[in-house]
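Each of the next two complexes has subunit A plus one other chain: subunit B in the first, subunit C in the second.
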Partner chain A sequence: MTFLGLRWEGTRAFGATEMRVQLHEGLAIATSMIVQVVLLVFVLVLDRSILPYALVGAVVYSVFMLGQRLQNEAAYIRIDHKLTDLYFASPLSAEAYFLGMSAGVLVAYLPPILVLAAVLVVVVHLSLLAVGTLLFVGVAVWFFTCSFGYIISTQFKDNRAIWPYASLITNFFGVLPPVFYPLALLPGYWHPLALLLPTSAAVILIEAAQGGLVAVSGSGLALAAVALSAEAVVAFALAIVWARRSARER
Partner chain B sequence: MANRSARPPASTPNRGSVLPAFGLIGWRWVSRNPASAVAPILLPFVFLYFLRLIAPPEYFPLEIVGAMLFTTQNIGSWVLGDSASWRIETRMQDVFVASPLTKSRYLIGIALSNLIPAAPALLVLGALLAYVVAVPLLGWAVLVGAILVLWILFSAIGVAVSSRVKSQREIWPVGNLTFTVLGMLSPLYYPLTILPPAWQVVARFLPTTYAALLVQGTLHLPGAVPSDPWLDGALLLLLAAVGTAVALRMYRWREGD
Partner chain C sequence: MPAEALVARNVAKSYRLRRGLTVDALRGVSLTVHPGERFALLGRNGAGKTTFLRIASTLLVPTSGTVEVFGRDAIADPVAVRSLLAVVPQEGKPFFHLTPREQVYAYLSARGFDRATARARTDEALGQMGLLEVADRLSTTLSGGQRQRTVVATVIATEAPLLFLDEPTIGMDPFARREVWESFRRLSRKGCTILLTTHYLDEAESLSEHLAIIERGRLLTQGTAEGLKQQVGGTLRVSVPDGARIRSELETFGQVVDDGEKLHVVVGPERVQEILALAAREKLQPTVGPVTLEEAFLRAVGRSIDAEG
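This part shows the complex of A and B:
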């Protein structure tokens, strides 16, 4: 079965397997919201006026974290379980392995994200346009983060090394840029970078769609939209190439 | 976990240099994986950066102290990770139990090996604290004392929890849940008085709260709650001693424990 020049044999079966594996990790699913909750607590305790920004950021950050889950899972399967050789020796294609794992992780970790999104819609009274934007940028961030996480996962040689690098990546993309706080709090010379980073670009696009939350010019919003879309497409293409290359090496 | 029959015979040497050995493990881990040292340095700074943006500026010294105590508490999470990995993945615990090492010495050793990656973060945060506020000698002594007490306590909690973890996959979520929640419930990054009343009551049962109150009060930091430092110190020691004893009792060192 080929589509767009890619082979998809085994995607559904592997996706279902991964979903079952992930659903067995109830504690991991329950604790997937800890950082978001911590930062929301900081905001609630110290400055409630930025709660709408923090809630939008919490949803986008949660989607971004799916890539970190994928990164951990892919590294565990390869290093700890040593199952990759078996998978790649089977009819399962390299791209189906990557996409199946991404889909399995998404299904398992979606419920807490949906709860957070529901809280966002209710508390911020999100408009229809903002909800639509949230769905669009959510898909783009998911494609980017899963692709990025998968590529990074292939670089680990030791399970113990995963956590420090995962921590650096999530903080670089999720906490430093204006994801949980308004863009206005960031010095102006950093704004172009914020518009280019996938997480903050996604948040700014949702805030702009809601209206009144962020003051960014039309060209700035166009830059954020183009950057996020391009990052998602390029990262996905790279991950497919990377997955095939990894499979060949084995 | 090793079998009781794995006790060393009486003729086996029962003296050794445990601390340097564990210290070497900690140093080798950092030297081979520099990111493992960068991450703990970066994490408290990331929180500080976020808080600097959203919190009143006068709370900044209090937040630096909070970051130091939070970093110390997180050592427990790394102890949990190491201890569980050594038991589950490399089966090293059988070797430790079969050696003359006792579980208390094992605790101190693994705590030391995990203090090494955290030390740069603590030193940088200490320098930042000295830069933003004048810290008297007594203040440094109290801060170092509080850090040492929390270091032992949370390392003990880490090894205790590690012995109950069944797979590698559980390590991260269990550690994250245990240590982040404990850290957030205590008033490390904000004054106790701005928390809701019910939260303040819960926080009063946690040793980290008394470590924070003791240091904040001794350094007269803005936002510090007026309290008796002797009482805070005594409660910190009492809760830490009880917590460490309970954790060591919970810890399954060998089969049958």
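This part shows the complex of A and C:
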């Protein structure tokens, strides 16, 4: 199966392998919702009015965390288990390995994504447009975060060295920008950056589609949509190039 | 005439370090592995065995040289040869959150095997590795040896025409090692070619039909185990602990090899008594034994296979 000059045979099989690996880690799946739920509890206690923002943010944050999961998993498999040698010296292509792993880790954050999305639909009475936008940005963030995570995972020779970067990346994309809180709380000069960052751009687009949750101009929304799409596509393309390069050491 | 399983010509690999320094991991290694052959690359840690194996298995690009796998260029077109080979990585571990059965089956599926074949091959490989009893236990609960056997099972289940095994029995108990050797022989009888790296001399001697000794990135000598032993130039080895003070006398009997602890001289049976008398005069306690692959290695490399550095 060749598409765009790349070989995708085995993607489904490797994705199934990775899903099985994730499913055996029940505790990790069970705890994948803790941060989001704790933040939602804080919001409920401190300021219920921003609950819709926090719910949208919790869904996007959960999708973003897929990339962090992949980053740790890919590094662990490569550095500790050396299983990449087993797979790369086989007919499975590097792009199929990467995409299969991206699909496989979905299992780890599927519970929070589905539960929080359902709560969001019920509590905020999400419009059809907002649901469509949620699906679109969800896929874009998944592409971006998995690609970003995979590239980062190839940069280290020691698993422990990745941990601080994982924390840094999670906070930079998931906590600092207006993901869990309204854009209006951020000083105006930071707004362009918020529109460019994939996580906050995704949140703003959902909030705008719902109507009344965020005040951003049409051009601002267009910038967010274009930036998010471009980041997803470019990161995915880069990850494939990176996967192919790292499959054969030089 | 069918193509050779592996032909490497002048394969070299250099790594450039900071400050313009370079390290030569391989310096022009050439070798040929015939179809169906069991070929062992023997060398000390850091000799270049794994580097060669990674290049031959398309995982590493050489600085220079050519590699052909069944007549196809493995350097220029790695994709074309990857379906013909499978690799047991050095110190590879199975997915800890899969069972051995899931691990082997998943790998075969990813290589494109249909379900029925993958299931049958999985059971067969696990059986050969003595893993059926633990086939449905998560790998986290297995011993180190069982995990290593799981990785070997994963690879032998492919029955790929060319198998690269990098220290495949490391961490296994002697009984398990022999079971693994037998499974390699069985694969070889089916027509699979095996290139293994090892620093276990008994493994190399028992398993391989052809051996090559590699040291500091160079292939020093190759041949059958018997052939390499004959090159040593005698049938008995006399080892003299703390024999430095009689080194010059020992050298009159033949080439003396110092492994850091003992001096070794290989001689014919007719000269053993003379050396024993010499050692007794100096109150030394030599030992005498048949020439083994260890002497062939010592002769070729000048150091024991376990010597570091």
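Here is the rule we go by: the second predicted complex is superposed on the first by the 247 of 250 C-alpha atoms of A that agree within 3 Å, B and C clash if a C-alpha of one lies under 4 Å from a C-alpha of the other, contacts with A are read in each partner's own complex, and residues count from 1 in each chain.
The definition used in the following text is that a contact is a pair of C-beta atoms (placed from the backbone, for glycine too) under 8 Å apart; a residue touches a chain by one contact, two chains touch by 3 or more.
A quick note: this is a predicted structure, and the numbers were derived from the prediction, not measured.
Participant: Per the contact definition in the header, classify A:Glu25: touching subunit B only (first), subunit C only (second), both, or neither.
Facilitator: In the superposed model, A:Glu25 contacts both subunit B and subunit C.
Participant: In the superposed arrangement, which partner chain does A:Asp80 touch: subunit B (first), subunit C (second), both, or neither?
Facilitator: So A:Asp80 meets both subunit B and subunit C here.
Participant: In the overlay, answer first, second, both or neither for which of subunit B and subunit C A:Val107 touches.
Facilitator: It touches nothing on subunit B or subunit C.
Participant: Of the two partner chains, subunit B (first) and subunit C (second), which one does A:Val119 touch, if any: first, second, both, or neither?
Facilitator: Touch status of A:Val119: no partner.
Participant: Could you tell me if A:Ala13 is touching subunit B, subunit C, both of them or neither one (first, second, both, neither)?
Facilitator: After superposing on A, A:Ala13 lies in contact with subunit C but is clear of subunit B.
Participant: In the overlay, answer first, second, both or neither for which of subunit B and subunit C A:Leu185 touches.
Facilitator: Touch partner of A:Leu185: subunit B, not subunit C.
Participant: For subunit A, which residues belong to both interfaces, subunit B and subunit C?
Facilitator: 25, 80
Participant: Enumerate the contact residues on subunit B facing subunit A in the complex.
Facilitator: Of all residues in subunit B, those touching subunit A are 29, 33, 35-36, 38-40, 42-43, 46-47, 49-51, 53-56, 59, 81-82, 85, 89, 168-170, 172-174, 176-177, 180-181, 184, 189-190, 194-195.
Participant: Would you tell me which residues of subunit A are touching subunit B in their complex?
Facilitator: Subunit A reaches subunit B through residues 25, 27-28, 30-31, 34-35, 38-39, 41-43, 45-47, 50, 72, 76, 80, 158-161, 163-165, 167-168, 171, 175-176, 180-181, 185.
Participant: Going by the contact rule set out above, which residues of subunit A touch subunit C in the complex?
Facilitator: Going by the criterion above, the answer is residues 7, 9-10, 13-14, 16-17, 20-22, 24-25, 77, 80-83, 85-93, 96, 100, 247-250.
Participant: Applying the document's contact rule, which stretches of subunit C touch subunit A when the two form their complex?
Facilitator: Those in contact with subunit A are residues 54, 57-61, 78-79, 82-83, 85-98, 102, 106-107, 109-112, 138, 151, 154-155, 158, 164.
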